[in-house]
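Presented sequentially are two complexes of chain A, the first with chain B as partner and the second with chain C.
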Partner chain A sequence: MSMDYVLLVPLLPALAFAVLTPMPRTVRLKLVPLAVGAVFGSLVLSIAAFLAVWPGGQQLEPAWHGVVTIAHIGDRAISLGLALEPMSAVMLLVVTIVGAAVQVYSLGYMHREERIGWYYAALSLFTAAMLVLVLSNDFLGLFMAWEVMGLCSYLLIGFWHEQEAPRLASIKAFLTTKVGDLGFMLALAVIYAEVGVFDFATVLGHDWSAGTATFVALLMLFGAMGKSAQFPLHTWLPDAMAGPTPASALIHAATMVAAGVFLIVRAFPIFEASGIALTVTLWVGLGTALLSGLLAMVQHDIKKVLAYSTISQLGFMFIALGAGSPTVALYHLVTHAYFKSLLFLGAGVIIHAAHTQDMRQMGGLARKLPVTSLTFAAGSLALAGVVPFSGFWSKDEILAVLLHEQQYAAFAIALAAAFVTAFYVARLWFRVFTAPTQQAELHEGHRSMVAPMVVLAAITAVIGFFGPTLGGFLGHGIPWPAFGTAAVSTFAAAAGIMLGWYVYGRRKSVVNTQVIKQRFPHAYGVLVNKYYFDLTYGYFIVGGYTALARGLASLDANVVDGIVNGAARTWRSLAALGWAFDRRVIDGVVNGSASAVRAAGARMRTLQTGSVRGYQTLVAGAVVLFVIWILVKGA
Partner chain B sequence: MSVGLPQMLTLSAMLFGIGLYGALSRKNAVHVMMSLELMANAVNINLVAFSRFVTPEVMTGQFFAVFSMVVSAAEIGLGLALVIAIYRRKRSVELDAVQELRG
Partner chain C sequence: MNLPLLTIIVFLPLLGAVTVALLGNARATAGRAIAATVSVVDLVLVAWMTMRFDVSAGMQFVEKVAWVPQANMTYHLGLDGMSLTMVVLSALLTLLAIVASWKTGKNPALWFSMLLLLEVGMNGVFLAMDFVLFYVFWELVLVPMYFLIAMWGGPRRQYAAVKFFLYTLFGSVFMLVGIIALYLQTGTFDILEMAGAGLDPSFQWWVFGAFFLGFAVKVPIFPLHTWLPDAHVEAPTAASVLLAGVLLKMGSYGFLRISLPILPDAAAEWSTFIAALAAISIVYGAAVAFAQTDMKKLVAYSSVSHMGFVMLGIASMTPEGLNGAVAVMFSHGIVTGMLFFLVGMVYDRTHTRVIAEVSGLSSKVPIAGGLFAFASFASLGLPGLSGFVGEFLSLLGAWASDIPVGWVIVSAIGVLLAAAYMLWLVQRVVLGSPSAAVESIPDLSTREVLVLVPLVMLTIGVGVYWDSLLRFTDPAVRSILAMMGGA
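Showing the complex of A and B:
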């Protein structure tokens, strides 16, 4: 059976984008079902592709692949290829399931938007790019899809571009990830110089020297840190929450931000050849997981809590990568994609119901939003790492890998991060769902919003039991959790949740933030100011850039404009001179001759008396004079 | 006293002088034209006289005189027509009444 239908998986959303984009707004509005249909078509085809790859394992040949040569440079051919193998099959399912859930959900969430058609067009383009990214069989195609996703992220964050915050956030996200992309681009250049082609098999099979491998791996890591919002390139992701919530669920929780992790998974042999790069990855992940988890504790905006939580969870994936287990990182990526998109969709319902994103103004939503509170609880427990929800299994694997690699310090930090995670999850849940009700009018979300959440919650509840199956499918073992690490991590999660309950859930009143602020003034200040990252970047990078721009502007205004205006002024005075010459000399000659003629005419006209006898006299006189002249001179 | 060339020329000169005086002194356009006719006829007398006394074998002067008379007749016809036209406009044949071409 031909497997060429795999090509349709990314092509269907891309076609939806191509159809929707050129249409006028009113027509786009009616074509929204087309986009939803396209992503469901991709979903069905992805399931078919997944079944075709089943049972997976370590395959030497991909189940399907296609290559097209796009350019020749010298005697080298630059080609782009897609390939279907176990890892891309798993990712296809993740992207299409979350994508379909988000698109259905958006029907309800965005139905009041006039520009919903454009929203769906951008969402479709994003989905297509992400599908190309996971199917890509070479670094070049991966990079192209990666950049298209960056564009879609920019477009969707800035969806409400008539407001200032989304506009600024979209620019910030684009530029910050672009800084990382520069690393990726340089890595591509080094790969081209070293290997000459980009396809995974050749590049990864290349005999890398440790130095070059470290260089390439660190550049790629930098790119991945930008895309996956790792410290210190994380600042764009919390701001990106200014975009529509379902878009955040798809792009800034489930798929795009995971692309950085996915890149490192793909390029893992290079990281292994380096060794140093793995250590750097591990510590970047550790720092990000713990520090952004701490930041999530003090945020009041429900979406920002989830954003910092996403950064923290991506940090966990980096930890798994750094510890040398890409399979576990991918496992956590998959589970996280489901439960975090579930949480974001839940947050969307909450925001719609409460008309605010500030958790201090929420409370008591459990009774008013029963389905949402249940699905949100499933997502929260998965995030906190409570058995049997999905996050428990994958996070436990990460801890197990660290223990196995005898990284005890890393293990302790990861455990602390897990504890912090459980704490901020509990804070969020108790504040939003059990604290005293502050609003009377609260309504459960529309069917189209609730149904995707139920599906995702179901996946979150059961997917953890398929860890070893997934491991087998990917060709690397994922064992069942050992009792020891499971007990430790469960203890950490339980302790975090208990502490969260003690602070936020126990009392029947909203906790006053002032109390905490007064008790821990310095720590709270550091956290509220987000470790001063934004301030530092704002002061040194943005400020420096602004100063440079101001300097150039004044250069422009004074020197360049001076030259231009000076030239203009010179021309003007030259023209005035010419005008004066024209008026005085040329016009003088013309008018002068005219007035001379007129004056002569005025004199001459007096000769014309109009008297007939006068003329007769004149004629007679002239004749007389003529005769006299003839007589005098002689004939 | 025989009539010779000098007598003829004297007559012609007198006639011309009368005509010139009339043309310059009269206000009435008809009188002016009559005076002009006198001057023309003085010329005719000159032509005939010179022809008769200077070249009697050919009749050139006489023919000229006949031509001149025909031309005068036409001229007078035209002139009188003008006078009538002026009279219709001005109710006058005084030359001083016609001064439209005064500069």
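Showing the complex of A and C:
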């Protein structure tokens, strides 16, 4: 059976985008079902593709692949290819399931928006790009899809662009990720110079010297850090929460931000050839996981808690990569995609119901939003790492890999990050769902919003039991958790939750957090100021560049152009001087030829007045003279 | 049937220009119809040649007639993939400029006549394979552009027009010296014959310098660029489009057609210097663009930055770099053309180009706003659109070449800075709530949309399938590199 239908998986949403975008707003609005239908089409085809690859394993030949040469340059050709193999099959399911859930959810969440048609168009383009990214069989195609996703992220963050915050957040997201993308782009240049093509098989099979491998891997890592919001390129992601919540669920939680991790998984042999790059990846991940987790503890905006949590969880995936296990990183990517998008969708219902994102104004939502609170609980427990929810299994594997690699310091930091995770999850949960009710009129979300959450919650509850199956499918073993690590990580999670409950959850004697803030003002100050990253970047980079640009603009107008104008003025004065010299000196001395000189002077004067006709005559004259001279010489 | 197609393509607009001028303002309606017809015919002929073009052959449609045999001067026109790319740009943008300025009320006969005369010069430059012919067309271009700026321009039009004219003339005087020197050395004016003549390297060195001044002003390369913002700001929309879209490319075309093949040893010696200036142009242009408060000036400085990528590609002297250079030339032509058209369309409605006074286009005039955003993303080099192709290939070529890595990295940063000034422009102009100036303006008319649609299609087409452009440029690039001795 021909498997060319795989091509339709990204093509359907791309077509939805192409149909919706040129339409006027009112028509677009009616075409929204088309976009939803497209993503469901992709979902069905992805399931078919997945089954076609089943049972997977370490296959060398992809189940399907297609390649098109887009450029011939000298004796080289640049091609873009797509390939279906176990890893892309798994990712197709992740992207289309979360994508379909988000699109259905958005029908309810965005139904009051006048520009919902545009929202769906952008969402469709994003889905198409992400599907191309996971199917890409070469680094160039991956990069191109990566950049288009960046555009969609920009468009969706800035969806409410009439307000200033989304507008600024969108440009910040685009530029910050673009900083990382420079690394990715230069990595492509090095690959091209070194290998001459971009396809995975050739590039990864290349005999990389350790030095070049380190160079390429670090450039790619930089790109991945931008996309996956790792320290110190993380500051765009919390701001990106200014976009519509379902878009955040898809792009800024489940899929696009994971693309950095996915890139490193794809390029892993280069990282292995380097060695150093793995160590750097590990420590970037460790730093991000812990530091970002700490920031999640002090946020009051429910979406920002989830955003910092996403950064932290992506850090966990980087840890797995750095420890040498791309399969485990991918495993956590998959579980995280489901439970974090679930949490975001839950947050959307909560925000709709409470009309605020500030958790201090929420409370007691458990009784008012029964389904949401249950599904949110599943997501929270998965995030905190409580058995049997999905996050427990994949996070446990990460810890196990660190132990296995005897990275004890890293293990300790990751465990601390896991503890912090459990704490901020508990803080969020108790504040939102069990704290005293502050609002009377609260309603559960519309069916179209609740149904996708139920599906995602179900996946989150059971997917952990399929870890070893997934490992087999990918061709690398994912073992069942060892009792020791499972016990330690469960203890960390339980401790975090208990502490969260102690501070925020008890009915009668809630701890006065004001006291903690007053006792540790410096630590608290550092956290609420987000380690001063935003301030530093804003002041030195944005401010510095703006000042530099203004300085250069003024230099350009006054000095560079000033020299030009000065030269023109000088020439004019010289010409005037020559004219005066003509008239007074030569004219006085050589009376006989006075008339001839005067004529010459008159000609000179046309020069200084800047009359263009004069110059044209001059040039035309010069050309004519030149031609005559040649004729004479030739004859 | 063996029509002298290239001659027709070059001189048909001249016939049109004279006719339109003779008809005068009294019969300007007929005049502009003739102008449109002539430019359509020209474009159709160019399109026909594009389809007939044999990518495996070198120069095609060649016309070579003795002109002044005593001096080995020939009337020599020829077309390779690079010339074709540029002539497509010139013919297309001329037609679109005529359509876009359809409603010109001030002295319309002269206006359309000058646009056609400009096309004569532009087509001629890209098709002439004889130095005298090349030089005549090169200088011819100045005349209509001078009048377009000086007669239909903004408040400081006289200053800008004279500056444009003199600055370019200043450069071309050096070019003339170079041409004469080459003639005296080789005894021919034929550009193709001169290639690979194996001239003495030290002679090459200073002749390269002379041509460099001529071409660098036109491109323009930092620090010879300051005529450009003035000319752009004062020029009427159609003139800005053609100035940025086509005239700048004459400079880089000169490097590719003349400097590299004829003076390969010098080119190798000059390459690091050119790469450095290219990198500086990229970053400097981008930074200065970022600080602008006038939309047109911003786009003008962005041209300095983009043309830097052309020069970077040229300096690399690799297949990737040269293809990238021509790809940027083409893409910058259509994308910056789009941006200037849009700025002009917005200006026609709001009567301001001050960025701070225009905002919220996408809410009030979604078609204009959407296309503005599209052009901006094409300009900042989004993959999948044409801007990416050339810049990426230039960087690939530069990285693989002898250019010091530092300059390549500086250039790559230009990609980020382009996103910064372009998005910052979109942020203020396209997004946000409508400003007073935008409050009650109509969206684009059908005629205006028709001007932009071909450019949008080309931007996507080239960006997705690179070979749609590179299949023409690559053979030309190969032959340039072959003439350089396989460098």
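Please note the rule applied: the second predicted complex is superposed on the first by the 544 of 635 C-alpha atoms of A that agree within 3 Å, B and C clash if a C-alpha of one lies under 4 Å from a C-alpha of the other, contacts with A are read in each partner's own complex, and residues count from 1 in each chain.
One rule holds for everything that comes next: a residue touches a chain if its C-beta (ideal position, glycine included) is under 8 Å from a C-beta of that chain, and two chains touch if they have at least 3 such contacts.
Bear in mind that the values here come from a model prediction, so they are computed numbers and not experimental data.
Student: In the overlay, answer first, second, both or neither for which of chain B and chain C A:412 touches.
Tutor: It touches nothing on chain B or chain C.
Student: Look at A:585 in the shared chain and tell me whether it touches chain B only, chain C only, both, or neither; answer first, second, both or neither.
Tutor: neither
Student: Chain B or chain C: which reaches more residues on chain A?
Tutor: With both complexes superposed on chain A, more residues of chain A are touched by C.
Student: Counting only touches as set out at the top, which of chain B and chain C does A:553 meet: first, second, both, neither?
Tutor: second
Student: Find the residues of chain A that appear in the contact set with chain B and again in the contact set with chain C.
Tutor: Residues 610, 612, 616 of chain A touch both chain B and chain C.
Student: Quick check: in the complex, which residue numbers of chain A touch chain C?
Tutor: The contact residues of chain A facing chain C are 24-25, 69-74, 76, 78, 143-144, 147-148, 151, 154, 158, 161-162, 167, 171, 174-175, 178-179, 181-182, 185-186, 188-190, 192-193, 545-546, 548-550, 552-553, 556, 560-561, 563-564, 568, 610, 612, 615-616, 619, 622-623, 626-627, 630-631, 633-635.
Student: Over in the complex, which chain B residues touch chain A? Could you list them?
Tutor: Contacts found on chain B: 20, 23-24, 27, 29, 32, 95-96, 98-103.
Student: Spell out the part of chain A that touches chain B in their complex, as residue ranges.
Tutor: 604-613, 616-617, 620
Student: Could you please specify the touching residues of chain C with respect to chain A in the complex?
Tutor: 68, 70-71, 73, 132, 135-136, 139, 143, 146, 150, 161-163, 165-167, 169, 176, 180, 222-223, 225-227, 284, 287-288, 290-292, 319-320, 323, 360, 362-363, 366, 377, 382-384, 388-389, 392-393, 395-396, 399-400, 408-409, 412-413, 415-416, 419-420, 423-424, 427, 431-433, 464-467, 470-471, 474, 477-478, 481
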